[in-house]
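One structure is given below, encoded as structure tokens.
Per-chain numbering from 1; labels A, B, C, D and E assigned in written order.
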Amino acid sequence: MTRTGADIRIRHVGVTYPNGFTALRDVSLDIPAGQMVGIVGLSGAGKSTLVRTINGLVPITSGTITLGDHELRPAGQRQMASRELRQLRSSVGMVFQSFNLVKRTSVLNNVMMGRLYHNPAWRVLLAAWSKDDVELAMQALERVEIVSKAYEKAASLSGGQQQRVAIARTLTQQPRVILADEPVASLDPPTSHVVMRDLQRICSDLGITVLVNLHFLDLARRYCERLVGLRAGEVIFDGPVADASESVFEEIYGRSLSAEDVLDSGVRL
Amino acid sequence: MTRTGADIRIRHVGVTYPNGFTALRDVSLDIPAGQMVGIVGLSGAGKSTLVRTINGLVPITSGTITLGDHELRPAGQRQMASRELRQLRSSVGMVFQSFNLVKRTSVLNNVMMGRLYHNPAWRVLLAAWSKDDVELAMQALERVEIVSKAYEKAASLSGGQQQRVAIARTLTQQPRVILADEPVASLDPPTSHVVMRDLQRICSDLGITVLVNLHFLDLARRYCERLVGLRAGEVIFDGPVADASESVFEEIYGRSLSAEDVLDSGVRL
Amino acid sequence: GVSQNAASGTNGSASASASAAACVGTSDPAAAAPTKLTLALVPSGDATKLVESVKPLASALSSRLGIPVEGVVTADYQAAVEAIGSNQAQIGMLPSLQMSQACDKYGAVPALQTLRQGKSTYAAQMFTNNPDKYCSDTPKPGANGMLYCNGTESGNGPAGLDSITKVKGAKVAMLSAASPAGYIFPVAALKAKGVSVGDVTPVKVTANDASVLAVYKGDAEVGFSYWDARTVVKKDNPDVGNKVVVFALTDEVPNDGMSITGKMSAQWQDKVKNAMLDYAGTPDGVKTLTAIYQITGMKPADVEALGQTQAAARSIGLG
Amino acid sequence: MSATAGSVRPVRPANWGQRAAWWLVSLIVVAAFWSVRIKWSALLDFPGQSAKYLRALFVPPAWHKAGEAFSSMILSVQMAWFGTVLGIVVSFPLSFLAARPLAPLGVRLPLRGLFAIIRAVPEVVTAILILSVTGLTPFTGALALAIGSIGTLGKWGYEAFEAAESGPLEAIRTSGGGMVALLRWGVWPSSAPEVLSFWLYRFEINVRASAILGLIGAGGIGKMLQDNVQFRNWDVVGMLLLVVIIVTMAIDQISGAVRVRLVSGRWELPLVRRLASGGAPRRKGLSPEATPPG
Amino acid sequence: MIPVDGSGQRPTARPSRPDHRLRTGIVIVLVMAITVWSARGIDVDPAAILANWPNAVGNLVQLFQPDYSFFPQTLPALVETLQMAVIATAVGSALSLPLAFGASRAANPNLTVLRVVRFVMNLVRSVPDILYAAILVAIVGVGALAGILALVLFNIGIIVKLVSEALDGQDLGAQEAALAAGGSWFGANRMSLLPQILPSFASQVLYTFELNIRASTVIGLVGAGGLGLLIDNVRNYFLYHYLSLIIVEILVLVVLLEGFSSWLRKKLL
């Protein structure tokens, strides 16, 4: 199960949604293979938009994104064929905040979603997976330590367990990059640590590039090598976690961390 | 809006669920009016069961619970009339983990639920509330500082705001006791502090007795005067927060707090 | 006098137009000999035991033709005609109008007509729960114990038609517009007297007995049906004969009869027709047919006469 | 900042749109009552008349017809079952093609139109069209029911598919899955229980609808009803009613049990269902919008 | 620490695959068997379709050519159908709402009443609409009244079933909160469940309205007035051009209602 991650090169990327809202402006990032990057920022800063551009879920409006051999270009320029897009996506795993499991089917079938790209339609239709694929899925489940639940319904798992199934699903994809969009936002703190540690280990053991959006700063500080701070669609901090001083956080969040004025809700940290 | 809380006397209470599971064993607690008590314990320790017995949502199987003039007795013994039970409940406010608001109706109507006991059926049917009741509800909303949302749909509020509406609902009840069952479990940390501070203020300003179940120890330590530790349905700690040493926590949770073995999920703190 | 003239006037024009359009049906010389036949029946009268009584008829035809014959009852006129039209049923026992329609639309041959007490026609009746208004004489019981006025107890139409102008503005129970006795002939009679359907308040019903019931219960003041549908209602409501009084009979309506699909060779059409005629001539046949439709015999269809129903329908703007 | 904003009491908003809608609806209802030509006084002797007819129907029912009634009911059930199965086989793929994210507008619209047309055509008319092809047989009835089922099942189907959770769909897209994968793993698992319960529900409807087909001679219980109602053999009608009620309720119980099993994974008969044992509240079963067929 | 795991298995052990093949096989065989049994019972004859399908073409061709000049003559019947449908829907839904609460496990704590209501509703639902119409025509006489009464019974059956199912599917948190505040079952249901099911009730009512318009074609067959009677007349004279106009009218109503219903859903949700 050794493979290497892919470099991601984001060059002057801008995203304007069809309704005219510009969610990203001139974002440039170079992420070497095997790095674990935390992306932080206020709600609405553009974190989700950024990770979703990388697997083409959100089309970019300017700049280019290169991921391994694939290049994503703005609408209007020559686009990749749908087959190539599917191939790109199959090499990029995504972990969602709300897990996005198929609740009514087994954990194993859920993990097999990671093999969809590599299977012919009839296998997909009949859920007639090959031995090799099942082995791959089992290994991924072992990695996140819930292989014993392989034949349970996904709905019967706790939140933390479901998130781990979701991670196993992306592992089964044998991805070169994992994108995680607030993977711990709906988990309690101990489970959050479990999931973050899983991601960290995967990054270091397998050399997969990991991009993770986070609301909680302490988690970002603790588990990531590098931090990217977004504000209103622009990168306002990019560097090693150690460099992220109190003043940087104030800039990202627009106020001091120890503020006692929390009664004015609306600002979520 | 000054009134006093009620004493709660719990004497040798046991609860066995119809399926034979014994959730509480011989629990005795004396809670004087106006105290804020935190109840902590592992998942399944019986925290919810304990607070639910106090307003009769879970019938007790042995012992007695006295709340002001009302006495709850085990099934088999003479029960309170349904009218008296409703009166008791109307003097006990309950704040739920998942807020339990009616999403599709206005904040004001949600808060008016606190007046159900005091209104005749026709007023309830037509939602034709008296001026006095509306005034009461508005004051409660002012207290938790979201009166400006009074006529919005509850569904349009953020989690923290919803929890504050739920608190306003119990305040409108003019309760003598507030029971809060994990009121912050689904909120993010800053909002959790807001809600806990609200409860603390209500307790000290109005002299209402507050019982609050908590998962997070830091919150219990910070906001409660007194701590009750439950384990497997039994009280294993009861005393001022200051007395709750590290070894007490180890006993409550069955292991050290700083344990790094969180990867073995299943155990939630 | 007036009513007679008007009636014969209608008849005259009816026969004129009928002869112009008299449909005799077609046959298909290329059609293969059938291996089984379906007989579709539309009940037009008291056919309580219709289902059971059809069996002997079917087996009698079967033994005469040498192939299986199956009897199917459908309460729906249109269903029966469409079945014969598409050769799904080969023989149909149909009311006069539907015999003409099946011939016009699909070339089904109108082969036989039924006889009741020797008559190949019957009258449609009008009845009321307000005899004081419609009867010029005192209602008296007929042979069956039920009340009749204006000379209607014989059952031979037309009779009492002078009184029918009084229905103007009244509520009138009538059947589906495809029913010869429950709609076409009474409405045509009214029209001949200068009363149109628009001048009354129609209360629509679906069966002859329902029409009687509507008048009996006061939902309508007047109703139309075949003579004398009150006998059906009498089972549930014994006093119907006193409360509901027949006061007028229309021109005679051609009896129902038997149509044969046009998608059959002429020999087979004849064979079927003769088998039925033959059976209707036997005592057994008479007994069975009486049980089904109170039929006492069969005769070759009078195409001209059959056309009268269609002509009457056309005279009131239908068809 | 928001501390002051939060403490300002708002004025109660007047919801004019909603009020106008209520007035309009009330007006329509009042107008309908006021304009319809009905002799409301007939309702006065409704109780007496009902008692009379109930007696005619059931005191006693025509027991000797029980066998015949039962066998024609069985025929009706067979008609309904076959019609439902055929309807499912045809409507299932069609409703995938009529669902928003799965097919282009050019396919979707004509299919939705077809479903609407089928629902607008009365069963009797459909049956008469089919009758010229298959004759006065129960098979005609089954085909008519099948076509009727395509109209409703098609519509319910695409609505259920469109309501499928979007999360798993996105997960499948991001892992490189194609169309088949989307349908099989994204749409089907989340809509399956609902769709299966629509199938059962439509079967129940078909059992009842087969009564209408009796009018045109398709056979079954409908024909027997028609014959006996026309000629006011109330005791036989009473017997038929009993048989209809017993058989439909039996089917209802079985299909109810199957439905519970599909949704919750356990077997229980709806009529003998017990309350969940006290204490903890029951939370979130079906999603609120999952149940109604549109 | 041995993790708590319901299966008792260590999470690292691979489970064996549960075998559902027998159960699936039995279900398939059963469904096939019933279908074959039905097919034999009704004399399925696919050959007839192949041989005779041209028979239907003539009529179909006519059905595709509506004669719009007939429109004025259909107006009275159309209006009567709408009147019947409006009245029956209004009366039916007014009666259904309380009955639906009575038939819901979630809303009705009284088991006896629950069973009685459910049984009666099952009874009401099992009788075919045409039979109601036939008997009611006998009881109250021919005309719109019999039709309306038949439709009302038919509507109650459907609405009570669907709405009580919707009630059973509701989140009961808010109801529990209302009970805990001292509200009666009536008050709790009115304030918590009613607002939650109103949207589904509204769309149910509109669905029933559509059904009523379609059912009037059946009701008309037994003389209860409206479009049904008109359909009977035109088809008995084989006036397929007219018949198709009536179908077009029903179609327009059905489509309008569908649009209105989805608009309303959007508004209410």
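Rule of thumb we're sticking to: contacts are C-beta pairs under 8 Å (C-beta built on N, C-alpha and C of every residue); 3 or more make two chains touch, one makes a residue touch a chain.
In this text, all values refer to a predicted model and were calculated from it rather than measured experimentally.
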Chains touching both chain C and chain E, listed by label: D
With chain E excluded from consideration and all other chains held fixed, what connected components does the contact network retain? one piece
D-E against A-D, pair bridged by the larger set of C-beta contacts: D-E
Could you state the distance in Å from the CA-based centre of chain C to that of chain D? 40
For chain B versus chain C, what separation do you get between their C-alpha means, in angstrom? 81
Separation of mean Cα positions, chain E and chain B [Å, integer]: 43
Two or more other chains touching the same residue: where does that happen in chain A? 145, 263, 265-266
Among chain C residues, those touching two or more other chains are 78, 82, 85-86, 88, 219
Multi-partner residues of chain E (at least 2 other chains): 5, 52, 55, 59, 138, 141, 143, 173, 176, 196, 199, 221-222, 235
Can you list the residues on chain E that touch chain D in the complex? 31, 34-35, 37-39, 41-45, 48-49, 52-53, 55-56, 59-60, 63, 79-80, 82-84, 86-87, 90, 105-106, 111, 115, 118-119, 122-123, 125-131, 134-135, 138-141, 143-145, 148, 162, 165-166, 168-173, 175-176, 196-197, 199-200, 203-204, 207, 210, 214, 217-218, 221-222, 228, 231, 235, 243, 247-248, 250-251, 254-255, 258, 261, 269
Interface residues, chain D side, partner chain B - complex: 3, 5-10, 12-13, 277-280
Taking the touch rule as given, give the residues of chain D at its contact with chain E in the complex, in rising order. 28-29, 32-33, 35-40, 42-43, 46, 49-50, 53, 57, 74-75, 77-79, 81-82, 85, 116-117, 119-125, 128-130, 132-135, 137-139, 141-142, 208-209, 211-212, 215, 222, 225, 229, 232, 237, 241, 244-245, 248-249, 252, 270-271, 273, 275, 281-294
Taking the complex as given, what residues does chain E use to touch chain C? 52, 55, 59, 137-138, 141-143, 221-223, 225, 229, 232-233, 235-238
Okay, in this complex, where on chain C does chain E touch? 77-78, 81-82, 85-88, 101, 105, 173, 176-178, 203-206, 210, 213-214, 217-220, 318-319
